[in-house]
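Listed below are the structures to be examined.
Shared between the two complexes below is subunit A, which pairs with subunit B and subunit C, respectively.
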Partner chain A sequence: MSAPLLSIRDLDVVARSREGDRPLLEGISLDLARGEVLGLVGESGSGKSLLCRTIVGLMPSPALVRTGGKILLKDQDIAGADPASLRRLRGAEIGMIFQNPSSHLDPVMRIGDQIVEGIAFYRGLGRAAAREAALEIMAQVGFTDPPRQFSSYPHEFSGGMRQRAMIAIALGCDPELLIADEPTTALDVTIQAQILRLLMELRAKRGLSIILITHDLGVVAQTCDRIAVMRQGRVVEVGEKRALLRAPQAAYTRSLIASHPSMPVEDECGEVDDVSDHPVAATDVAGVAGTPAPAAAPATPGRPRPLVEIDDLRVCFPAGGGLFSRRRSFAAVDGVSLSILPGETVGVVGESGSGKSTLARAMLGLTPLTSGHVAFEGESLALKPRATRERLHRHAAMVFQDPFNALNPRFTIGETLAEVLRVQGKVPAARIADRVGELLDLVELDRSFATRRPRSLSGGQCQRAGIARALAVEPRLIVADECIAALDVTIQAQIVALFRRLVRSMELTLVFIAHDLAVVRHLCARVVVMHHGRVVEEGPTEAVFARPRQAYTANLLAAVPSIDPGQSLFGPDPRLTVSPVPGTSRQGTNP
Partner chain B sequence: MLHTRRPAALTAGLAILALFVLAALLANLVAPYDPIAQDGAARLVALSWAHPFGTDNFGRDILSRVIHGARVDLQMALIGVFFPFVIGTVIGSLAGFAGGVVDAVLMRLIDIILAFPFLVLMLSIIAILGPGLTSFYIAMALVGWVSYARLVRAQILVLKSADYAVAAASLGFSRPRILFRHLLPNAIAGSLVFSMSDAVLVLLSGAAISYLGLGVQPPVAEWGVMVAEGQPFVTQAWWITLFPGLAIVLLAFGFSMLGDALGELMGVHE
Partner chain C sequence: MHRYRFILTRPLQFLPVVLGVSLITFVLVRLIPGDPARVLLGARATPTAIANIRAQYGLDEPIWLQYLYFLRNLAHGEMGTSIVFRIDVLDLIVTRIEPTVALVLASVLLSVLIAVPLAALAARNRGRPVDHLVRIVSTFGIGFPPFWLGLMLILFLAVQVPLFPVSGYGTSVGEKLAHLVLPALTVALSLSTVLLRSLRAAMIEGLKSDVATAARARGMPEGVVFWRHVLPNAVAPTINLLAVNVGWLIGSTVVVESVFALPGMGQLLVRAIFSRDYMVVQAIAMVFACATVLVNLAADIATVAVDPRVKL
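Presenting the complex of A and B:
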């Protein structure tokens, strides 16, 4: 058994303020073996990122102080190291990559130079040699044409390529430990799968140790050897991945696993998921999935009239061009036809930039249509814009992605709701206060929230308030645009459950836009897959997910990391199958 | 996070402003002499118990004149800020919210006004209207609104694509309601903070214009006029220019403290 590469013992970090010290990390003890991948899981605010910043001595604020504990890197205590040696350590021993690569790359410096900078500094190479090394690393992390891309700027790359560049910079200094802080959260699933695969390849090739911070248990299940679950500044559970996922000890871990909207396993090879032997899947099905295919279209006698009809819709935005060049335009939605029956729950999925949000806004008459038709309750937006918009205002509502940005920060929740009721005039003035209370009950917020402003609410509470505002209209149609993307997993599960209840009890028609396929599968009866502004596939959710007809849909589905480690994200690649590194099978030191 | 502690700058700014407001309100009670009464026997008297700030070449008491000057200068700062603020906010929010041709026309108008140096434009307008405080206010309103308009327009442009504005539109709120009830209150914080530093600017340009003889006319006590009148005697009687000058600096300091504090309270720098 080799000594661990990194060993953290009883680490405490507090926030200093005049009122006294507030503990942020308490008694953290963790080990990381050479070549091991440790997953650090927990909700936002649980101290995951702070822990990693403490390891490299980059506290986000001088008010945060380490008050106790040791950080041993190769048996050397680096916790109290002086700034100069910490600086050497950061590049040469520990590399870091972050969630948002665009804000961590210098926008006015060429990618290649940013990689060379670190190499030249830490390895003491000359310009030519450093450039050679940089080109080699760029090839390693998957740049297709390193000599050309060497002199490109960050804005010329996509999010996935920028994250590759970040990895290249981190690897340039040849570290032994890579700390990846939510490296794929901002990326689409297919890109996420590529980046995760890259990390696993690098670990196999270089014997890199990785600490992977993430909120997605699926990512952890696919990549890590061991998992540490954090909550409120403590490690609540550490253990080997399979053991921990199969038999979680802490109640918090169990709820985290239960709220993961994992795909039910349905393999066409006849490999049926054995629920009895699989507590993960069992809690999953019981806790979140509920009955499959909720709120299917009610079988009304005769064909019901569609609530929303979209016919060959195109929405274009001007893109470049101008005074002397020909005006060009970019079609965000390009020939979409879709009809939605009353009572249906329709999921719209696709990668970022596929036109999902534009479709949502066009559906509600919030963006000008370039051509084609959108009809709501049989009235065409193109033919009778005023009347149709009026109808949409009174019978349709939207729920937004960023819960804080969706509510006027100066209004209390009660004022926001009351204003909608007053303007719409569906409720007599004397009843408005009561109705506000009822709306809060509907979204399961305490009535006292009426007097609070968005700033004093959590993201989940804000989102509930946003849903209450949508319900204030007494809508027939709710369009939810990525409304859970900004929330923590356990909160996501609550909001999805709320939608499920509302749809069932209020005869709502729901258009649910998401990039998270698993959530859509749980919530929606029908799914529409979009790519480059077009609908590539649509049909009943179960059918599409089980037997996708289009290669694009199949790729999208395959890229979702499953919480079951047996369902490999990377296919049968022997180099990447995660086998426990010797010395990592022992349980963590924390119970 | 709600701020429970008040920034020190707020206390300081309010205290300074309160001092001047009190001086202005109670000038007749506090001032030891009539500000325009001349006393031939007490010309260019240095600081003494009878005249703590000394007297000028007409034998007028400087302390009394500084106190009475607060009336004129405060009024100048307030009115000189108020009209540009209102005009600029209205024009800026309309330009930002309406966009298109309205925006383009209003922005070009602003570009034209900005193409002239501020004081030159002020002086030419006052020269046309004739010297006096009223002309000063009119010139200020005609020239000063551009900064507010640009500030508010930029804010409105950002806010009108905020989700809560889109939500309001999707709920069928009227456009005036969206602009004035939802966007403007959120957009105005920056201009409120700016108005405090603008008050300093107005005060100084008011003093400058009076110094040039185009603003407040003698014998009315106004700090800029006093500085101008004291100038020929600055080698023999430095107190004539020093004390009104100090008053200008102190009031300006108070306004800028207040501006900082407001900015902090309203989270403008967040």
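Presenting the complex of A and C:
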């Protein structure tokens, strides 16, 4: 291997405050060869993004200070460079793209102008020439009609196209190194696959070196040459992709790999499922089910009555129009029929905008139905809205995507739970305090959390509190809407394991909405695939995953990046599997 | 272009606004103690003379009937005759409209010229002495009432250092502009503080935003980041704030025109109120109301032009 393009040695970064320095990055040493793709993996807070910000000298806060180490770009130490020369490095040498293209693109500037900005600045081209160059780059990153899309604004594009625009803007400055900070985390799997493919193509065409930050080992396995695993500000392991995934050395890497949802289900990696090992949970079964023989209903021969029946449901939202134009509407859910038996675990999957969340809200009577029926325990929401809603309030509960914002920040966790218990009135007032404790035990939070507020909790702890709040209803049905999407993978795995235990021990019916197919595969017995407000496929999870009948489902499954580098996300495309050639020259904007 | 279609439908808002404003001013003006006929004829007028005047202007009719007459005339584009000036109200207003419009435009222009650079200076030096100075000065600006500011400006910039005329309006364009400087500055000193605060806050947000980070990450100099990316994004909320403040702006022209003896509508309004010149008060109130609606329309157009995401 020739001299590395970028070489980081013993980099230290601290957060400086009156109390002293708190280390955020400690002794980071990494190398990046020309044309190489390095995956930077780790949980939120592990310092991946900070590392990349440090490389380009864009500290998120003036309180963060580099205290030691070298950053060599083409053998030049840029760590101590003055602001002006650092600025010249950004863009021209090191380009960056970000997780959230929607907020990083200027909303009031045309896409084309944003690309032209960098081109004109670095290549000193005139307006017309810069525009030509921008159109070429737009075509290169997959804009279908560059001349027209040149004058569009960011909000007129989908998330995937916005990320392409970000990439085009970065490429406009013609960098040698691209830092991609979680570039696909906010995107649907199929779009993620397209963007990753684009990055790999650009690498092959331009000899671009890429640092890809992600929390998804699958993404890394599919794209990178080498992987660096970060935790708590340190690089715990770095190595060639296949070797590292096959034989991880650090314990943390092993747990990260084990948490990856595409790993085969080994009954929760040895976690204890048996109810009898959970004394609190065991006493709770009786308390929750309320009847002396909770198992009686599912065991009844013949067809049990469905808990939820949805019949040709349509939910429409107004979409523009008004006083002088005909009102238009948009069907978020467009003719869905579904029935859910007591005790079932049903996963609803689909891309964003497919209507999953609307279906969930309609199921709980939280959104007006346009037509069709939703029945809960045989009561129709359309025919007897008030009575059915009353019943839903007492027997169904929801767990939300954003655990922080779903909890009242002014209430302690104990107050939040006690409020539900008081309103529901199923537990005598004198028992509420005890019951709060039991609920916390149930979600495996220490009882001391009762006096804490959401602000002082981590994401995973908040979500456990959110689940405890749902359980406080003593529900028969829990609807969990993307409830793990905002969590780190290891935390995701814990929450999924918690759901599995709860479902098993409490006779819960669970509707689990997720865009992450692998998680649904772990957790749910039945899966419903939604697309454009309709159900395109449903059936037993294993059957659907093993033999999808619909092309849409198959595409969705194929787009999930496997943690096994052998199962390529991009199919057999020789260009994309080329290993980096040392000294690959940049080829400008030639396709 | 359909984003701008609201320009065609918006004038329909005028109808309810004009009706509402006319009803309220019509009734309120007549609730003020005093009789225009008596004001007009003086203290020694005979009862018959007063009765004649009252009959001539329809003031002896019941109030609801007067209002219906008023609406009928309004539909024909007539606002009645001024009791004091004895000429058509519309003709009267037309002669007075120019100084007021000029004052409002000059005030807004000056406010923007004061607010934008100071806000930029403060935001880009956040937490430094410059920032604190700008904020302290702007707090004073909010605290001082316009009439007092106006008097101080006259004292310092017209009397002690005779840079600008003390009062009046003049006839040539140059004279008019010179006469407008101090009144406009009076209004602008108050208005710009409001804009300044909003702009500064929006700019500070903008400097921390992802858009700015992304621009820095592609090596744009801080000046480009600020003027090309931060400022345009900070303008939209300020336009709306400006529109909200137009009511206040029009109110303050009444005071400022009186202080500087500008022969505009505000000054006319004050005289009309004192002389119970009902027709003039009504007409000016309605002109002001329509102006407010128009300014809000202009603000909406500006917002749509500035921010491509906005749909109205």
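Simple rule for what comes next: the second predicted complex is superposed on the first by the 539 of 591 C-alpha atoms of A that agree within 3 Å, B and C clash if a C-alpha of one lies under 4 Å from a C-alpha of the other, contacts with A are read in each partner's own complex, and residues count from 1 in each chain.
FYI, contacts are C-beta pairs under 8 Å (C-beta built on N, C-alpha and C of every residue); 3 or more make two chains touch, one makes a residue touch a chain.
If you're wondering where the values come from, they're calculated on a predicted model, not measured in any experiment.
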In the superposed arrangement, does A:R549 touch subunit B (first), subunit C (second), both or neither? neither
For A:V420, is the partner it touches subunit B (first), subunit C (second), both, or none of the two (neither)? first
Which partner does A:E390 contact after superposing on A: first (subunit B), second (subunit C), both, neither? first
Of the two partner chains, subunit B (first) and subunit C (second), which one does A:R22 touch, if any: first, second, both, or neither? neither
May I ask you to decide whether A:P107 touches subunit B, subunit C, both, or neither, giving the answer as first, second, both or neither? second
Which partner chains sit in contact with A:N405 here, subunit B, subunit C, both or neither? Use first/second/both/neither. first
Subunit A residues contacting subunit B in one complex and subunit C in the other none
In their shared complex, subunit C is touched by residues of subunit A numbered 56, 58, 87-92, 95-96, 98, 100, 103-109, 117-118, 121-122, 153, 155, 166, 169-170, 172-173, 320, 323-324
Residues of subunit C touching subunit A in the complex: 9, 209-211, 213-221, 224, 228-229, 232-233, 236, 306-309, 311
Residues of subunit B defined as touching subunit A within the complex: 1-2, 162-164, 166-173, 177, 181-182, 185-186
Of all residues in subunit A, those that touch subunit B in their complex: 361, 364, 366, 389-390, 392-394, 396-398, 400-402, 405-410, 419-420, 423-424, 455-456, 466, 469, 473
